[in-house]
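Some structures are shown below for you to check.
Below, subunit A partners subunit B and then partners subunit C, in two separate complexes.
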Partner chain A sequence: MDHLKIDSLSKSFKRHRVLNQVSLEIKPGLFGLLGPNGAGKTTFMRIIATILRPDEGEIRFNGIDWSKNPDQVRKMLGYLPQDFGLFRNITARESLEYIGSLKGIPKNHLYFEIKKVLEEVNLQEYENKKVGGFSGGMRRRLGIAQAILGEPQLIMVDEPTAGLDPEERIRFRNLLKRLGNQNRIVFLSTHIVEDIQATCEQIAVLNKGKAQIFNSTSELAKIAHDKVWKLTVNEDEFNEIEKNYKVISSNMSEKGIDLRILSNIKPNNDALSVEPSVEEGYLTWIHQ
Partner chain B sequence: MDSPIKLPPLLTDIKAMEWNFYLPIFVTIISTSYVYVVLAGWNQPLLFSEIKKTLGLWSIPCVSFWTIGLYKNLVDSDGKELLLAMPYKVMQYGFIRTLRMSLIYILFFYTCLLIVLLFSEENMTMVDWILPGVNILFFSFLSFVIILASKNIAISYGLIGVYSSTNFITYGSFSGWVYPFYWSLPRHDLQFLQVLMGLILATFVCIVLGQWILTKKEYLVK
Partner chain C sequence: MHYFAENLKMELRLYRRGIWVWLILTLLLIYLFTGYYIFVESSFSVGQLLQSSTYILMAGSLFGLVLGVISAQRERKVKFEEVLISLPGDWARPFTKIFAWGIIVFILCFFSCAEVIFFYILSKSQLLLFWKETVAYIFLYWGFTMFNAGIIGFAFAYVFRSYFTYIGLFFYWILTSPYNSILLPVNISRWMNQGEQNPNLTYDDYHGLFFADAIFTRHLIIFFLSIALVSLALVIRQVKESTKKEKIILIITSVSTLFLSIILFPLSANSLMKDENASSEDIYYRQFQEQNPLNNTYNVSPTLQIKSYKIDLNTKNEKISYIAALSVNISKENYNKWSFFTLYHGLKVNSVHLDGNEMNWKQDGDIVSILCPEKSKGDLTFKVEGVTSSFNPVDKKSFYLSASFPWYPIPGKWRIAEINTDGNIRYNCVELQTPAYFHIKYHKKERIFSNLLNVSENEFKGEAKGVTLMKGNLLEFNEKGMHIVAPPDLITRVPILLPKMKESLDKISFSLKESNIKIPENIFVVPVEDGNNDVEIYSDQLVIDADQLRLFYGQEEKYFTSIDCLIPSFYLNRNNHLYDSESLFLALFDSLYSNSRESYNNKRLKGLIDYPESLRDKKARSIPSQIIALQNKISREKMQVLLLDWYNQLKVGKLSVEYMQTSLNNLK
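After this line comes the complex of A and B, so read on.
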């Protein structure tokens, strides 16, 4: 299978440049796009979903050029946007029939296709229940079901775990992992580092319209090498440290407050340099 | 594997419209009952002019509820982005889908009209067979443009309401030949054919405009 190639993509709204010459090459599997809120992730996803047109740049996949064949792109795309609040008055099966008909899946295949995707997301028991009565997690799973309907080669999921409880979040991550193993590209956009850490083989970080690709989560973590410090302080010292440094975590212990700090220089003589986590690498990248 | 027909199932379309589907039916049944009970007083033969006034003024513009309801998920819901990313065919998702619901409404309207006419001694003329149907199509495609252009259900209902009431109160003085209440409240300075032409042309313009907006995904997603 071909790689998804994104070359020098730019997009502005009025005078605000949301994406600035973003270039990425994505191979089959689970790809994570990480970035803070307002970084341009949703704009980026909308461009790939052919809802927005870029001002500059090119996207290609399997020989299809986004600007020339948006209809072809839509046929091979499964998309779960951040908001999935459709069809509250109809059942899960009817929702999928609706989406399936728009995707052009023939009627004689549609019944079995729907059965298959509902099983995949573990919603088969609820197929005849109205979507309005679904929990946030069930609605998200139904969203994934519609995205994988018709076996698209490229699946895009925008902030899928936002607002989910921890159990549902883990279930959802496992589902995404499973989908990523099926020889297709699953493009996950999120601001939650744990989601990416738990699922993705490839990642890119997007901030202020610029993107950088990392071949692994450890490569992203390495950005913070020699910049993460661990120390224990009392309450007065903590206030002072908090004013001068970026505190990543603080935990109460018997000795005082255990801190992890992001800093280019050693904050004090007691501080120890520690191995950075993915989150620390990410924070270093977006603040540099 | 790809089917050439990408029209959502009719029943799902109807269910997704929610209350928008039931309201016009309710209004039409109430106006039909009103004609029969109040105007005819149960036993007397119904006057066709009274039927035209009541059904023409209330029931015909109500087709807007169906059309606006049909597109509310596309323009005014949390999930519109999902629909905009679908590989739907603009002609089928717009024109044909609106026409399908409008034709069902026309069938429903004429059924009610014919039922009421059973209690009248008057017969339908060619104008009565043609004009209400054209009026329904006009209101339907006018709503199609308005909901896509405004992307807001409340504004759409407001605009249709203002347009209908202004036209009704002024006898279409500002509408030229595009006078959708001619069947109910005829104007002596206008001929049936003029109105028919005006409405057909206006409907055509609405279809073209609506289809054009439907291709503008960047506008619709905002």
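After this line comes the complex of A and C, so read on.
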């Protein structure tokens, strides 16, 4: 399978440049796009999903040029946007039949395809229930079902775990992982580092319109090498440290407050350099 | 096509599962049911129900706008839009929505038609024969308006996402409603109005429901403008950024539909001219009367004798054209003298030939003058084209060409219309002085009716003093020597009415010492101008006003056997009514003859005393009380003599208030 090649992608709204010469090459598997809120992730996803058109740049996949053949792109695309819903008066099966027909899935395959994806997202019991009665988590799962319907080569999911309870979130991550193992590109955009850490082999971080690719989560974590410090302080010291350093985490312990600090220099003599996490690497990158 | 079909299926399913369509359908069917019941109870006029259906039209338009907004925002509201845009065939979705809306409107109209036609069957209405017209009307007025409103609502909601959308749509709703004149100048409001031009008008049975090319064109223009608006909305839509190719297609669609609207505009403006014509008609005869006062000896008897007419008639929209060949005899004393023909001024003579030779002729207003050659007889051929007056309306769907109206050249110089003392225009009866043989051919397939004998399809022959031709929502009834032509449902009332009318006429004739009046065998129920009597009698035909007959449906004798209807129509001077004298005369007649011979019925006289302003001449206002006072002093027989004296003056148009005063004083 070909790689998804994104070359010098730029997009502005009025005078605000949201994406600035973003270039990425994504190989099959689960790809995470990380970035803070307002970094341009949704705009980036919408461009890939052919909803928006870039001002500059090129996107290619399997020989298809996004700007020339948007309808071809749509045929191989499964997209779950950040805000997703379906018609309330329509059943899950009817919704998927509609989407499947538009995707061009032959009628004789559609029935089984729908059954398959509903099983995949554990909604088989709700096949003939109207979407209006679904919980937020069920709707998200149905969103994934519609995105994977027809086995698209490129699946785009934008902030899929937002608003889900922990159990749903774990189920979702596992589902994405499974999809990523099926020789296709699964493009996951999120601001939740945990989601990426648990699922993705490749990562890109997007901030202020610029993006950088990392071949693994550990590569991202490495950015914070020698910059993460661990120390235990009392309450007075904590206030002082919080004023001068970026505190990543704080936990109460018997000895006082256990802190993880992001700093280029050693904060004090008691501080110990520790192995950075992906989140710490990510925070280091966006604050660079 | 595949995307179109899939989107259509989903859109229709959403309509079916939603509450709106069911709500509209239920309300519509209930409204039609109650409306039909009320109209049938009061006047048996479903035509009136449809013509007065402004509320249905406005409700349809409102629902259309609301459903257009819902349709445009449906995906956006449930956050499904982005997914749909990322799927193939998204370009087809907006147009599929319009198509689906068209299907919904079709279904609503279909059920409306079915219900109305079901009612026709249930009440055994003859309107069933004209069911196609009902269907066309419902689809044109209700359906097309609702459909366009849906597209406009869709376009607005697609672009604007604020509450201003609703304000904009509210204005559209008002501006296109029949009540838009509160906001717009008259001519613009008429054009914008998507419904009946005047929903308060009485249903015209003869013409049927109002259709005109201009109405259809107007709806078509709004449709094209709506599509232009939708295309523009799609270009500037906020969620999806269209490709260059898509933008070009949409802009071309928008520009071409806009262009089509502009091209069609002149066709849609035609109906605005009609009323101007009607008012100019009034002005024409007002000025004419100023130049030729009524006492003036304007009329000139014919100098040519017409033996026969052969007329090949054609109509196109509001115009008529024909070639009339008149077989004429010219006496020696008229050689090289101008001879007059009366022909309505809206009809223009293109040429006049005598046996193929061009004549010396001129047309000035209602008069065509011909310089007679030195030839004892020949065929005089007139080529004529033009429009008739509001008295003889002609349009694409119907026409009424009356035997009393000079729509073909009538020898002699006659006054066609007069302005009565009440300011209304009144058309005189301009028939031939002596009968001629007519041969009329109408060159269209739609059936027409005439007072002449029908010899083949739309070909009539016979001897008469004038020819009446009618086309429209009409039926024919031949029985017991009567030939009745009337609109559906009304036609069944005429044979019931005539014997009662005859009975009343006999009584009046007896009281006025006149010989009995014979009702002609040809009876036409026609549109009658305001200034004319509701019943008119010509040499071989009786004409009854369709509106009035409808108004008294089922109780016709209440009006058509009353002295108010019969005396002015059958006994008095037809031209130039003397209103005060007539009112006083009728009051006296009523007083003497409506009760038993022993007592007077002074209800009408007392009415004139209680409402003196109903008599225009202040000098006349004392007369009713003088009559009542006199009843106690002189015998009934003397009062009857007084009535006859007034009648003799009135029937020649000479009964003045002064004369009445003098005659009353003489009796005191």
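Throughout what follows, the second predicted complex is superposed on the first by the 288 of 288 C-alpha atoms of A that agree within 3 Å, B and C clash if a C-alpha of one lies under 4 Å from a C-alpha of the other, contacts with A are read in each partner's own complex, and residues count from 1 in each chain.
Basically, a residue touches a chain if its C-beta (ideal position, glycine included) is under 8 Å from a C-beta of that chain, and two chains touch if they have at least 3 such contacts.
Just so it is clear, the structure is predicted and the values come from calculations on it, not from any experiment.
Trainee: After aligning the two structures on subunit A, examine subunit B and subunit C and state clash or fit.
Mentor: Aligned on subunit A, subunit B and subunit C clash with each other.
Trainee: Just subunit B (first), just subunit C (second), both, or neither: which does A:106 touch?
Mentor: Only subunit B; A:106 stays clear of subunit C.
Trainee: Pick one for A:3: touches subunit B only (first), subunit C only (second), both, or neither.
Mentor: A:3 sits against neither subunit B nor subunit C.
Trainee: With both complexes overlaid on chain A, does A:89 touch subunit B (first), subunit C (second), both or neither?
Mentor: Once the two structures are laid over each other on A, A:89 reaches both partners.
Trainee: I'd like to know which partner A:60 touches here: subunit B for first, subunit C for second, both or neither.
Mentor: Once the two structures are laid over each other on A, A:60 reaches no partner at all.
Trainee: Classify the contacts of A:266 with the two partner chains as first (subunit B alone), second (subunit C alone), both, or neither.
Mentor: neither
Trainee: Considering only touches as defined above, state whether A:71 meets subunit B (first), subunit C (second), both or neither.
Mentor: both
Trainee: For subunit A, give the residues common to its interface with subunit B and its interface with subunit C.
Mentor: Looking at subunit A, the two contact sets intersect at 46, 49-53, 71, 74-75, 77, 79-81, 83-87, 89-90, 94, 98-99, 101-104, 143, 146.
Trainee: Per the contact definition, I'd like the list of subunit A residues that touch subunit C in the complex.
Mentor: Touch residues, subunit A against subunit C: 46, 49-53, 67, 70-71, 74-75, 77, 79-81, 83-90, 94, 98-99, 101-104, 143, 146.
Trainee: Using the touch rule from the top, collect the residues of subunit C that touch subunit A in their complex.
Mentor: 2-3, 6-7, 9-10, 13-14, 17-18, 74, 78-80, 82-90, 239-241, 243
Trainee: Provide the residue numbers of subunit B that touch subunit A in the complex, in ascending order.
Mentor: Against subunit A, subunit B makes touches at 1-9, 11-13, 15-16, 18, 73, 77-79, 81-88, 93, 217-218, 221.
Trainee: Mind listing the subunit A positions that touch subunit B in their complex?
Mentor: 46, 49-53, 71, 74-75, 77, 79-87, 89-90, 94-95, 97-99, 101-107, 109, 143, 146, 150
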